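Structure in structure tokens, see below.
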């Protein structure tokens, strides 16, 4: 089992959710984060004072999957999260991290492991 | 050492915190997330336009524990996070993920490993 | 590869970002969390009713790094995150968790592993 | 194609039905118009006189334009108190109940204005021909649906019309000014039962309460009913508005029960909104208090001054009281103190000597602070302190009116002018309001409970009333765009 | 050192340039002042009479202070509708477009007030010497830049001046009252094209639209133009304001195109703000409607009553309609119902019988609810329902004015007084506004598109207009402090 | 049992103590009432005349109801500027200091209203019997605690009473109108020292500042003091309100020091609130400016027009200036431009020719934009630009009043009427206000610092003043419910 952690552009969330559904990944957890990376931030203005803001709004997905689903999940995200024209990726489109996962327990009925995922 | 990551119903947070205190787990980190799973979302209305919203507000706990505490922590969460009548679980009550944890460092005094947890 | 997860005081974020830049760690993800630990919370007041709030606002950093960077990253955070006078740490300054990381995929161009980090 | 789909949609049947209903009503209105003058009482020769075109009959006015201008402005000012109250209350509750709490105020605007138009005004300010009946209720069909309300002439023949009539205003605006009072009073009750009442039940409750509690009470004191005849005074509503709503809130809170998780449910979502709401309340309260002079005269100005000074002092006093208690001066404290001061000065502002207003304010700030602590002792769940602030402050103000009334202001002598009797009269009126409101509210809720569920389900209480009842979210701070998928028209 | 850096900074050149420009303009103003009386028309002997110091010529007034007081207050009330509209619209859009949406209202205050001062007032209310020209537009140089507007005397010689002049007010306030109408009308259009129009293009659009659509339309009906001469009536702007803006919004929405992701883009960021905005709109609308009597008279009071009752009823009716449709009574629904009621009663409030106001409100709530559903059938993106509510409600109100007008109110007989002709006249005026506004808006946008990009880039639409266009964020809920680094002055 | 616990609680002692205090004060008030007429000056025969019941003595009015209506409305309008300012300032600061920033405005309402009632009004508008003293301060015991203020009669015998008295209003409302000016002026200072001053120190500071700076300055110009005697004019407070507060803010900001982390501390938490606040300020400013005519006359209407046009133009001008500088037109920029325009037109609106108002607005928008840049050059921390906008804009307006004053408006000739002397007079008054406010503020802060800490601790500055000082949170966006645990009454 793996925990797949993906940081994506907020406006790609719907597409990614759709792509995951297509590969039969139906469960995930989403949160608001801010990223700092190669992509440069933006400038805000306050009464003539320019301010550099280098944290950029991103969305973070956590998806626990069984081994068989790891690659399809990654492929689905990579494909759907790209925001450039013609499905090309661009800086800022995000990262996917794959973490080992020892166990999963479903609260409602206590199911454990791959079953409970 | 393990990092226990639990997604629970927001209104069970107090009960879970209490249950964890009872098994002597006194430290944790909480964040706002939104979940997508078996539980179906809700419908919102905007001037007669119905909208399906399938992300549901959840709370995410991160708890780093030493091996001895892993099982008690899981048990405490499972028990306290169930929201049905008579302590029965229901869909949407959440998941617990157990991740391996290589090291912990306490910032204030630099203590490392199981000590610093 | 490791995923370094750090919980720090919000007002140390700028200093930590600076310290990380100094050790050539240029990418990270930031999120809002609330912590529960040794540090006691604060009291809020509502029309004469005192209320104990024991969740304290913290900032959570996620940093994926190659092995060579693990120690410098930790050291940089520990040093910059301390909030006491003369760079001394105090309770509440946070924790650093080091998690094993199996793989990293960059969305924009599909680069994998240490390369893509 | 678009239209065909529409016609097929199951809900579309309603559209045609409703449109038809509107058409029918329009026709009915037309017929009605021809019979109305007959149906209405003899004084309502509205349509009979056909004034010259364009300028109409407005030239035949007998009212004072300056006072009319002030009453128009005052009525608008009282109206803004509802959005103000919505923010004031809404900012204090938990985020998940924000909109539902605001809706208690907005729905009062909807429900009570219509009730007032239909019969509420008559019940409160109509003059009954039977003098015994008149002691208790107004009954004058010419004031039903405003059929006999001549839009042209100044207010006359209405109980509670502007004092002495030196500066009369058109009855239409007197009517609307009083309508806003009838609206805000039940809206105040919402503070006690916040975060747990069903929306439909709330709408029904305020309709009944407005009719059975507010209208009679207003008639007793302002409609030349029995309390007025005894000599009790209430300039702008300490008894009629604040005691009645605060006491009813207490009764309702007890009968409906505590919120799940009480007392650990205090988690104000946006106190900045509460402060803004308090600011709008203060602002609108000038219409409430100074407008109650029914004229742009010196009395209005004196009421304005008394209102301002008492309010400011009460804000400081509340801050002082909580500083003594907890060593904290909070912003909600200052806002609550302002409201407490406004409440207490409401019955007094048009009667008491100018120098007494800071004393009344000081008393209000301190007494209401402690009034808000009572619930923590007895354990009932007066969520937003409608009782603690409005009933307590209203009672205090009603009694202090008896103490500080000065003939120099409005001809009524209080204790400071040697007339201790007025204090007793004020106690009587206030006590009557307490008993009447408590008993009637208990009956209304008891009866409602026989027929319906008035409290939301546990599920909805957990999820929040905004989503659970109204299907909406009050404040969405998500970054995720396009999170929702629109369901095609007619698909559900 | 500080100054040296300043002088070196590339942008600092602007500072000196602009300061110089201001000085030059000041001088120019001075010279202008001496020539102005000559440039102005003969009626503008403003500077010629030199009144006695301090008290000035104000003693020579011929206006009524009560009515003046009400018009001052009314104008302020209409002004607060812009912040109200900004909150009402702003709360509904996605968080990333919050400020940009508010700016559509605020920029209207900036752009149109200046336009009005320069020539808009003249176009709308000037009396052309040529009677044919007068049918279509006002042309009277004495009203350019207010040069011939005597600040002392009461309004006279202006088309649309207060009826009959019994209670005249100074022309300066009549002018400002009407200015606020000219401001809010284009601001309403923003609802249709929300979340996708460029800021500069918007400012230009409202300047053109105000000049080419609003000013003529206002002249047709209120400036004694051809529709007024035919006998069509519009008390406070159902046709001039609501039909024109709603229809123009529809045309603009279609020509500018749907938002990216439509229809899955409905994600109101803060409905609590929308409710507050609706509250401020209702409040300010009292100035709009009751102020349209141009006097503190019985007509103003009757308009006030009609406005209140219709609005309350419409809120209930919308809640009822959506309950029938979806079994949900929403807070946005009640707020939208209130606005629908206000829209529909606007043309009617100063003409119709009091008893008809709840009927108009009922019709408005239900019809506008369904009006807002039309877009889901035809698929255009009238984002915030400027068409669905304002055009539909305005049309309904205009026609119902013809139905329910009563001579007892304002001397105009409607169908209920047996004058069916008035209904036809109202249809004519409303229909004319539909056609005129639609055609002109289409032309304006077509021409603008030839010269510029009026829609934001896809990148900005994704990022949000707040950041993409204005470089700002509307609501920041971060805990992280000091997230931003100030860029030194002159460094970019 | 509940009561026993209460009696035992350590804090409960306070309750009884305070209740007792209130009772004692009430008694004291009663005694006072009997001696008051004696204590008061001879003109205050308030209680002596016992008017007939109910109608009171209001019939004997000598005031104009229309003007009274407008002054009542105006005073309410100025009051709403405080909530407006609270939102305007509150939206700009960091989230953690939102409530504390709002409290600087709300506490001014509390503290200054009471100060004004006690002695502030006397100091500003009392007429000293000694003519030399009268040049500098008002000293007339009949205006202490309003003891000699007859609530019945129109304003007379008060310095600064409505010009010429053609349309007199009751002195009670004149008093309250001026009270609101005394409140907002110190509240404006908060912009400079935002996010770092202790609450108690702030309350003391405004009390001292109001007494030692505002009251004398108001007396110099409006209370018939030395500047008025010289002929300097200030219609609604460019010098008295804006220069004084802006300059004092600068001095205070420098003496209190920069915020920790400056200049990287600019992180507006909710600009939507700032826009709404600006809207409320504009709205309320109509009371401020047009109300300063003290009557519902043509002068009020002219002031209204000048205010509107200058404000709109200034908003556009600021947008234009920042566009030139950064190629960005921001929403905060338009809001700031509006405020700059309002500031600059304040002293001018009742004197200058109508055609000059857009010129003043244009100058205000551009000059204040650059005024707000000065701090980035010199490095002081005028957090919210109280100096950059109010002092700069106020000075500009004061001087331009001398340029554009037209006898046709208010009998005062400016440069455009050939009287260059007025420009010099205006410079003198403005310069005097700069020096007087700067010196006195420096002294007040210097002395305060000797006795107390006026800046919050570093710990509180990091944590935020809301939590650190007031124990509250302004906006909570958490989903977690029941996060807090109520501490039982008396447990701490």
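As written, the chains take the letters A, B, C, D, E and F, and residue 1 is the first residue of each chain.
The working rule: contacts are C-beta pairs under 8 Å (C-beta built on N, C-alpha and C of every residue); 3 or more make two chains touch, one makes a residue touch a chain.
Owing to the predicted nature of the structure, the values given are computational and were not obtained by experimental measurement.
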Required steps from subunit B to subunit C (each step between touching chains, minimum): 1
Interface with more contacting C-beta pairs, comparing B-F to A-F: A-F
Copies subunit E and subunit F - rotation angle from C-alpha fit, nearest 5 degrees: 120
Centroid spacing, where centroids are CA-atom means, of subunit C and subunit F in whole angstrom: 45
Whole-Å separation of chain centres (CA-atom averages), subunit A against subunit C: 19
Chain centre separation in whole Å, for subunit E relative to subunit C (CA means): 51
Where subunit D touches two or more other chains, by residue: 64-67, 69-70, 73, 261, 263-264, 266, 268, 270, 296, 325-326, 328, 330, 332, 373, 376, 462, 470-473, 475, 477-486, 489, 492
Set of subunit A residues in contact with two or more other chains: 11, 14, 30-32, 34, 45, 49-51, 55, 58, 99-100
Category of the chain touch graph - line, ring, star, complete, other: complete
Interfacial residue positions of subunit D with respect to subunit C in the complex: 92, 263, 266, 268, 322, 325-326, 328, 330, 332-333, 336, 369, 372-373, 376, 385, 388
Residues on subunit B engaged by subunit D in the complex (per definition of touch): 11, 14, 34, 42-46, 49-55
Subunit F partner contacts - residues on subunit A that touch it in the complex: 45-51
Residues of subunit E that touch subunit C when the two form their complex: 478-483
Residue ranges of subunit A in contact with subunit C within the complex: 2, 5-8, 31-38, 55, 58, 60, 74, 77-78, 81-82, 89-100
